[in-house]
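Labels A, B, C, D, E and F are assigned to the chains in the order they are written; within every chain, residues are numbered from 1.
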Amino acid sequence: MGPTTRNDGRSPDQLREVRITRNWLDHAEGSVLVEFGKTRVLVAASVTVGVPRWRTGSGLGWVTAEYSMLPRATHTRSDREAVKGRIGGRTHEISRLIGRSLRAVVDYRALGENTIVLDCDVLQADGGTRTAAITGAYVALEDAVSHLRALGALKGEPLKDSVAAVSVGFHNGVPLLDLNYEEDAAAGTDMNIVMTGSGQFIEVQGTAEGTPFSRDELGALLDLGTAGCAELTRLQRAALQ
Amino acid sequence: MGPTTRNDGRSPDQLREVRITRNWLDHAEGSVLVEFGKTRVLVAASVTVGVPRWRTGSGLGWVTAEYSMLPRATHTRSDREAVKGRIGGRTHEISRLIGRSLRAVVDYRALGENTIVLDCDVLQADGGTRTAAITGAYVALEDAVSHLRALGALKGEPLKDSVAAVSVGFHNGVPLLDLNYEEDAAAGTDMNIVMTGSGQFIEVQGTAEGTPFSRDELGALLDLGTAGCAELTRLQRAALQ
Amino acid sequence: MGPTTRNDGRSPDQLREVRITRNWLDHAEGSVLVEFGKTRVLVAASVTVGVPRWRTGSGLGWVTAEYSMLPRATHTRSDREAVKGRIGGRTHEISRLIGRSLRAVVDYRALGENTIVLDCDVLQADGGTRTAAITGAYVALEDAVSHLRALGALKGEPLKDSVAAVSVGFHNGVPLLDLNYEEDAAAGTDMNIVMTGSGQFIEVQGTAEGTPFSRDELGALLDLGTAGCAELTRLQRAALQ
Amino acid sequence: MGPTTRNDGRSPDQLREVRITRNWLDHAEGSVLVEFGKTRVLVAASVTVGVPRWRTGSGLGWVTAEYSMLPRATHTRSDREAVKGRIGGRTHEISRLIGRSLRAVVDYRALGENTIVLDCDVLQADGGTRTAAITGAYVALEDAVSHLRALGALKGEPLKDSVAAVSVGFHNGVPLLDLNYEEDAAAGTDMNIVMTGSGQFIEVQGTAEGTPFSRDELGALLDLGTAGCAELTRLQRAALQ
Amino acid sequence: MGPTTRNDGRSPDQLREVRITRNWLDHAEGSVLVEFGKTRVLVAASVTVGVPRWRTGSGLGWVTAEYSMLPRATHTRSDREAVKGRIGGRTHEISRLIGRSLRAVVDYRALGENTIVLDCDVLQADGGTRTAAITGAYVALEDAVSHLRALGALKGEPLKDSVAAVSVGFHNGVPLLDLNYEEDAAAGTDMNIVMTGSGQFIEVQGTAEGTPFSRDELGALLDLGTAGCAELTRLQRAALQ
Amino acid sequence: MGPTTRNDGRSPDQLREVRITRNWLDHAEGSVLVEFGKTRVLVAASVTVGVPRWRTGSGLGWVTAEYSMLPRATHTRSDREAVKGRIGGRTHEISRLIGRSLRAVVDYRALGENTIVLDCDVLQADGGTRTAAITGAYVALEDAVSHLRALGALKGEPLKDSVAAVSVGFHNGVPLLDLNYEEDAAAGTDMNIVMTGSGQFIEVQGTAEGTPFSRDELGALLDLGTAGCAELTRLQRAALQ
């Protein structure tokens, strides 16, 4: 790939500066402030003994996630969903994506009848909030699992692999890694890729915002995202040392 | 691919019987009863002059979609979302997918300041309701556009291409086209593919429900979905004659 | 009554063409597509073992109904109640009417602790949706009861009689049977009559939309409705053969 | 009719003691505390200049009603609808009935572009709350109209007739006038009748709660209700002197 | 304090005419119509055996309150909270204040596992609705406790003291007792004081609506409120004889 | 007062460590992360040109606040209000308190027709969240006003004074300043005091959670709170240098 100038000076295949701060909160069993550049997401992992009623007695655990954005996370203020009295479609969709992504690496039987809720609250948004949330949530999840391990509450090792996520997209015909808000808004095609630490796909969500894309273009985005997730996996490992 | 026996006797790369019945309703500007086997979706396209307030005066049209399921579309009855007082995450997500998929082929300027709403109501569900809805909605959209053309209300030709969608997934290691409910429930990986009539991708949404998938497996699913969408495009053309 | 020309060519005491199609759905224990002319209602009867908590242990069954209209059932599109987040007064009122009408012929003890929910979804509306719904729902209810009988789940014969319903009203001083949308909108007095197969009244709901009506006018409407319900009862019997 | 003993000592064709107290509130343009025995409804008529947006510029006025019950109006406390966050079907249905009943005697053109809202709040319930509400609301409406007349805001005389309402029903085979709570709960058939002061019907709503009823039984109830409404009309006139 | 003329002729330290009418309702275990001048609040105390689930088995009772205003209690009509589908902040806040104030004198153990709900519905508002509600609610509470005592359902004497409340505020530099609506709207500082019969404070809520207030001004208001609550306590005692 | 040992080692009249970090967010016109010990509140001040419709054309500005808590701010996770679909009474009450407190020092005419919204989101709660929010919100408000001043959008100096707030309460007979969660839960009487920088009261809200309190005890709390607010005013000034 050639030396495209991105609006923040990165090369096309470069992540923003990623910071993963563990134990940002005092009460939560796992907590991470994850930053992808100016995007800042606070993830709290809450552990409770027991599972929802529909799962009780199954011997299986449960992992779920909720995503939300503070009203002034964005450039202009948005109304709170609590004030509107209903959760928007986008919020629902992202909450479901995060939960699904993490559940893909969880062994419910090893987790035992425990529930882990991952609250991902976006404090500041500059593109890629869902991929930052997933990447940070995995770290908080691992801390929450350690908490359960210390309590002797596990039936085995519940995490089969790690999870990281990144966005990719075409902008002026160039495939870019880890889009910021401006790039995301301008991208003709946008894809979120969620992968395991061992390099398999969990989710691939590609959308033609403008022009539909070809099989070759899809391939180029998958290549870029695979490399990005590998780098994020390395950063997660470092944070967890 | 070998001669796998599917639970309804199809070969792995075979669509269910697809029926597209136009003008199923008397009042709507476009309407289609679309059936993918036992999956039956009623699509009504409603045309109104004018666009939502945030778009007024732009000279651009608007296309949106709403998806819903009758309470007894499924094997066991579900509560109505109107009774629960809130729309579920899955409903929101599918409504957004359908709208986005159709908007990808619309030239808003040619549409003029007109709005087309596509209501996709699932009368009976047997897997693939969102892909049947998209496939049928395109046909209803074309009829609604013809209605506007007959009124002289267009500024050009608003449909740049056609849209069709199909699901694919791995079941027992075999990639299958157009999953029915049982196959969908059993699939380890599930993907919805939305393509233009000319063979470009609009949406690719793949999810590892069980085991994460490799780049090769992803490729096999894309091949299968590409062929399925091409066949659906042919059936749409036939219905529109 | 003289030879009034109605807008669809019927005589004043003539029903629209009534079609009752059983087993329109594959999953429901009883299902009927009922049509009164262009009015088209899909009724699904869902059987579940057990009754709501407040009735458990009583030995008595339960029958209830929900009515709803697809957004484009009408000439112009209406917003979904699920989107508005609340069910309108008219919807509530009709759901209650349908449930009450069917319960009037049910022997709860013979039904045993089983629940039957009748979902009446209006696919297309051209006046008389509630009377078509009641008339169709009775047929679906009888099929659902047969389902329970086949399972040996009944304690006796739960249906003491059949139920049919029709609208009547005055238009230009002439009493008309089975009003279509245009007639209904123009009627000065409008009445919905629900009767048993044996010719007794279950519900009589008359409303002066314009001029209040006299006891004689009320009598004329009751005569007309009684004859209409008798004819509908005959058509229900034929469909159930 | 023979000398049946009712639980409160009335003869079958006797109203409960009816009290109509005008000007019970200081702020409202019309207000009535209406009592049918222990049933006590506070009606406030609020006048505003102007009509809802959909009616603006038509030269026509608007009259509407809202019905509600205090939580401890009944023998056991009910939850508030505001706390539940939604208005129940019964509340909607009665609000609609009251509004429709009063509108039947209103000449909108004579009312001019003014709106009158009738709030009917049940302070204590002992059967017949909707009929007491209608009977009282007419009196409050007349006071509100006088208020507009005094302001010179009318275009003519907007009240074409008066409105009164009463319930009737069969209990142990005997037709009873103005059912109290116990009688209402025990009645096999229950009917609410709304009539003009000149003796025409506005609404007839009869329901077989137990056994369906014959045409003759319907006739007996209509006779009883007609006499009851005539007596209520007399009492309204007396109160308005 | 000098002879200030208030808009209703009272001296600055004078309460409005207070009327406390017990047993205004037939069904409730305690009920009071309390009037502070034109402010008129209907309080119903409802007794139920048992406590909310989170308190079951504790041996402790529960007392709670709900406050609401009829739509035309005020000079101009307000929309019902049930119609808006949500309870406003002001309503919540006052409901919480009333419940907290009464609970301050309740011995839960003596009450036993019984619940008393105090519904305070403002029929007419002219300032001081929350203080009138608290003052009346105490009387209704005492009647509800007598009802439980008569049933032998108490474990001791649950009321440790009585509760009364009054508003005070500065208007044109003069401290006034028991503000009516006009005075309240004009007051620069407004304070609600809730006290026990023995002269201790339960709640002190002072707000600078206009100019912030000094420690001396706060003292003057507390003096005035203390005297007002003592007088209200005397009136409560008289009503309970 | 003697040397009481508090659970975190403070003397009775000592604040927790207070940190006020300005410009914690990149997009907001003013933003503060305010910490009172472990209590951590993120305040974002959003400026918009124009005022709500009911105030348009008045020449006056508007200031309002919203308070919310992240689900895992507390020791155990709480459900999101957006998920519950309604805002709780406590949230409403605190939002109103914050808004009222800040408005007490705002000169609306000098602000011009501009709106400032203060979003106070509690990231971690350890008692005193509302007083920390008010104290931090004042600083964010001053930054937002500076932003408007730089734009030349003010009509004068809109801030007449500064605002700070602190909680005080009795614990084991000793008056304590700035209660943490454990102290707050154990306190018999609890008071929130909001004061101007010049030492006048804006709000005084005292509640007897257990035993009612005397005039002398009230005095002791006011003394303590006055000193605490003075210290907080000094810290605000330092942060704003």
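One rule holds for everything that comes next: contacts are C-beta pairs under 8 Å (C-beta built on N, C-alpha and C of every residue); 3 or more make two chains touch, one makes a residue touch a chain.
In this text the structure is predicted, and so the values were computed from the model without any measurement.
Steps from chain B to chain C, taking the shortest chain of touch contacts, total 1.
Superposition on CA atoms relates chain A and chain C by a rotation of 120 degrees, given as a multiple of 5. Between chain E and chain F the centroid-to-centroid distance comes to 28 Å (mean Cα coordinates, whole Å). Centre-to-centre spacing of chain C and chain F amounts to 59 Å, using the average Cα coordinate of each chain. Averaging Cα coordinates per chain places chain D and chain E 33 Å apart.
Averaged C-alpha coordinates put the centre of chain D at 51 Å from the centre of chain F. In chain C, the residues touching two or more other chains are 85-87. By the touch rule above, chain B contacts chain C in their complex via residues 25-28, 31, 38, 42, 44, 46, 48, 66, 68, 70-77, 80-83, 85-87, 91, 117, 119, 121, 123-124, 126. Looking at the complex, you find that chain D touches chain C at residues 86-90, 92-93, 95-96, 100, 104-105, 161, 191, 195-196, 200-208, 211-215, 218, 222, 226.
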